[in-house]
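Each of the next two complexes has subunit A plus one other chain: subunit B in the first, subunit C in the second.
Then we have the complex of A and B:
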């Protein structure tokens, strides 16, 4: 493991511990309004400063990260799972099944996904479930396209012919030969989907359709902070933004490491 | 009898096979020769039920093939084994040589034989069986491919330029292994190669025909 990968793993562990333990241990109220302390810059008492109603930005970032990460992870899981099943079915079955699934994908892609997401989220009251459903059901098409194109490439490989000739069923070929080759691509698609899902959460919250305004999420915080940005209060939106970037970079570095390990040839080269 | 009549195959607008006829008889080595691009490998894939032709008829021991690839009945498609020209492309790079050679057993739910037998049969040491494709030579990999092809005791074996990329001793060993298999089981072998001398030597003992394409 290289230094960058150790740092990435350390950052992720630290963030995970923070979002899991701080709310339990600190027993602090992240909703506590203190108008006397409003719009204070970073200091020892408030390392990330305070927002326009005097709430501690650091504490709210920890709570916000918890909500945003959870929404990002679940939405990414939903979209990549739906996309993988659709792409795998289309690629492995081919023929009419492929044509039907890909026309459905085209249909979904023909509507701007933010607009479609707004439509889905409008069916529910503002909540995390609505945001997850909105992102998951509008973004599965990307994963479906990636998985399908990989399956089509794999299908043409002679080792798949050899497996079929050796009596492998369609399911066994999928399980034994397709999925292990697809996993790094699926993992990467999931990771890339997490920040994208957080971004969508931000957009939907801005439009008043995402999470309720009182709930700390990174999206809500950036929007709250943007209002006081022109007054020079950069900290209220910068720190939540950095905490979108940090886990994204850390996960990307670790996924790259995992991709290297998943490829036996590359793994041998790394050991040399 | 593995019999192809009037096989036609096109890739898009490019017609690669037109009215191709070929018969592979059990117990005999049939040779197939022809210049590059004349459709030998395409015909091999049709014969192995891996490619549906645009026209023509294929029968395996009197049974007409109507479905191809995984849609073909497992009993029918495992009757014909295919050995590829490039072993490196013909194996899943994640699997060990032992997993590659034993894959047909696991796919069909049959118990594989002891590893020592497998190693002995194709000339692989037990130490090589735990290696992955990138850790062995082409010759060693092709030995594992031959073991995989013969695992389910097929009635017909199609060798598509199987020895082209191999050194003389590996080539001799693999041809001898296939000859032993033919004599022991009465299987029919289709030997596709550019090497006229090898073709003559290989088809000689069973007095099999040599078919020339193109």
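Then we have the complex of A and C:
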């Protein structure tokens, strides 16, 4: 394990622990307003300062990360599931079904994701469900492409021929021979999708199109912080953003190392 | 070559038409499935006191009492004839809103693109040339962090540093609030921060791509040959290696249009830049379907054209694609 990998893993573990354990110790009152403590800079009592209505930014960041992570996980799960089903169908059936599904994928990809997400959320009143739907609907195409191309290479392998000539049904081939080989790719796609989904949730919430404004989510907090930024309050938007940046960066470092290890040739080529 | 290019372009455009139809159909279906009632939305608070007859009259005027298929065809027919409808939130024709704003978006985005190209080429080449030095680590590290950082957050930090603390540049808008006329110098000053943030947010993938591509190219025989002939290091890098390393990047650039649109939406919103991208957010906040639909179509068209341009540029730039006809 290299140092960067260790740091990344440590960051993820620390964030996970914070998200899981802090709610056991400190409760967050979403409605709490304490104007006497408004807009205080970082101090010992409030390490991340307080926001424009006097709420502790650190506690809200932890709760916000919780909300964003949850939405990110659900949205990633939805999009990867839809994508896997679509990609498997396209790859396993081939022919017209493949062509139709891939044209639909192209169609979805030609509308910028955020704009499409904005479109969906705008028409279905901002809520967690709308955010999950908008991320799920726009991002299944990535997983579909990956799964389809893997299925296409799998189909050419001898063990699949053997299964088919042995009389296995299409469904059995998919279940017994395709899915187990696809799992690592699906897992990687899901892991990469989580930060992306979090990004989308925060972007939508930041624009005022995501979660209800009183809810502590990272996007809502940056949006709130932006209002008091011109008055010099940098902490209310800086810290929530750091908590989007940190997990995203940690995951990408880990995935990078994992890829290097899975494909040592690429790495040795770069080091030549 | 021109024939192959023309054939590809025509094919692409032929495919664009059904795609745009599919997008309009999808948007319309979503709008019909949505719980929003446009009449209620339009009336706002007055909805409570407006008599049902008047509401019915508005519904009839807007054609909302017709069958859904007929509504769609009417809307589509109007779109094809160039009538984009009226923006319900801005109370003006959609075409007028877009016409007024698109110039500002194009100005900001094209400046950002030029800046991004220049900077990431130079910095990416520098990182590749000084590979594994502290400079390279700093550059690559910043690029990776930038990839993970949300652009609206970066924009806020930039505003805090340059507008709030240093007071060098205005935090947003197109002109000074007190200004009555549009002056080039004033607009330029307001443009610097949004353009720089947009360029910076889009630059990291290109920078990392240039770096990796150049590192791979620097090992090729022709680079060794150029060095062996005693050419200056700068000539070797710029004239020989960089040129060959850049080929695939032309296609990548065209394929990045969706990200560019996303970046523009967020950056324009943060800096209150009066372009079409920020208009989409305003339209969404007001559930203004005609404007939002028109802007979505516009963005889709931009993506398709971007792909087309990228592929054409590739055909022109790389003789191998031409000869093999892989278009």
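By definition in this document, the second predicted complex is superposed on the first by the 204 of 272 C-alpha atoms of A that agree within 3 Å, B and C clash if a C-alpha of one lies under 4 Å from a C-alpha of the other, contacts with A are read in each partner's own complex, and residues count from 1 in each chain.
The definition used in the following text is that a residue touches a chain if its C-beta (ideal position, glycine included) is under 8 Å from a C-beta of that chain, and two chains touch if they have at least 3 such contacts.
Everything numeric here is computed off the predicted structure, so don't read it as measured data.
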After the superposition on A, what does A:79 contact: first (subunit B), second (subunit C), both or neither? neither
Winner on subunit A touched-residue count between subunit B and subunit C: chain C
>> Just checking: does A:50 make contact with subunit B only, subunit C only, both, or neither of them? Give me first, second, both or neither.
In response: neither
TODO: Answer with first, second, both or neither: which of subunit B and subunit C does A:177 touch in the superposed model?
DONE: first
Based on the superposed arrangement, let me know which partner A:248 touches: subunit B (first), subunit C (second), both, or neither?
second
For this session: Determine, under the contact definition given at the top, whether A:166 touches first (subunit B), second (subunit C), both, or neither.
Result: first
First (subunit B), second (subunit C), both or neither: which does A:158 touch?
first
Practice problem: Classify the contacts of A:89 with the two partner chains as first (subunit B alone), second (subunit C alone), both, or neither. | Solution: neither
- A:142 contacts which: subunit B (first), subunit C (second), both, neither? neither
Dual-contact residues of subunit A (subunit B, subunit C) none
The residues of subunit A that touch subunit B in their complex are 157-159, 161-170, 172-173, 176-177, 180-181, 263-265, 268
In their shared complex, subunit C is touched by residues of subunit A numbered 106-107, 109-116, 118-125, 195, 199, 202-203, 206-209, 222, 225-226, 229-230, 232, 234, 237-238, 240-241, 244-245, 248-249, 252-253, 269-270, 272
Within their complex, subunit C touches subunit A through residues 19, 22-23, 27, 30-31, 33-36, 144-145, 147-150, 152-153, 156-157, 159-160, 163-164, 171, 212, 215-216, 219, 257-259, 261-262, 265-266, 269-270, 280-281, 283-285, 287, 289, 292, 295-296, 299-300, 303-304, 307
Residue positions on subunit B within touch of subunit A in the complex are 45, 48-50, 69-70, 74, 77-78, 80-82, 84, 86, 89-94, 103-104, 107-108, 132, 134-135, 145, 148, 151-152
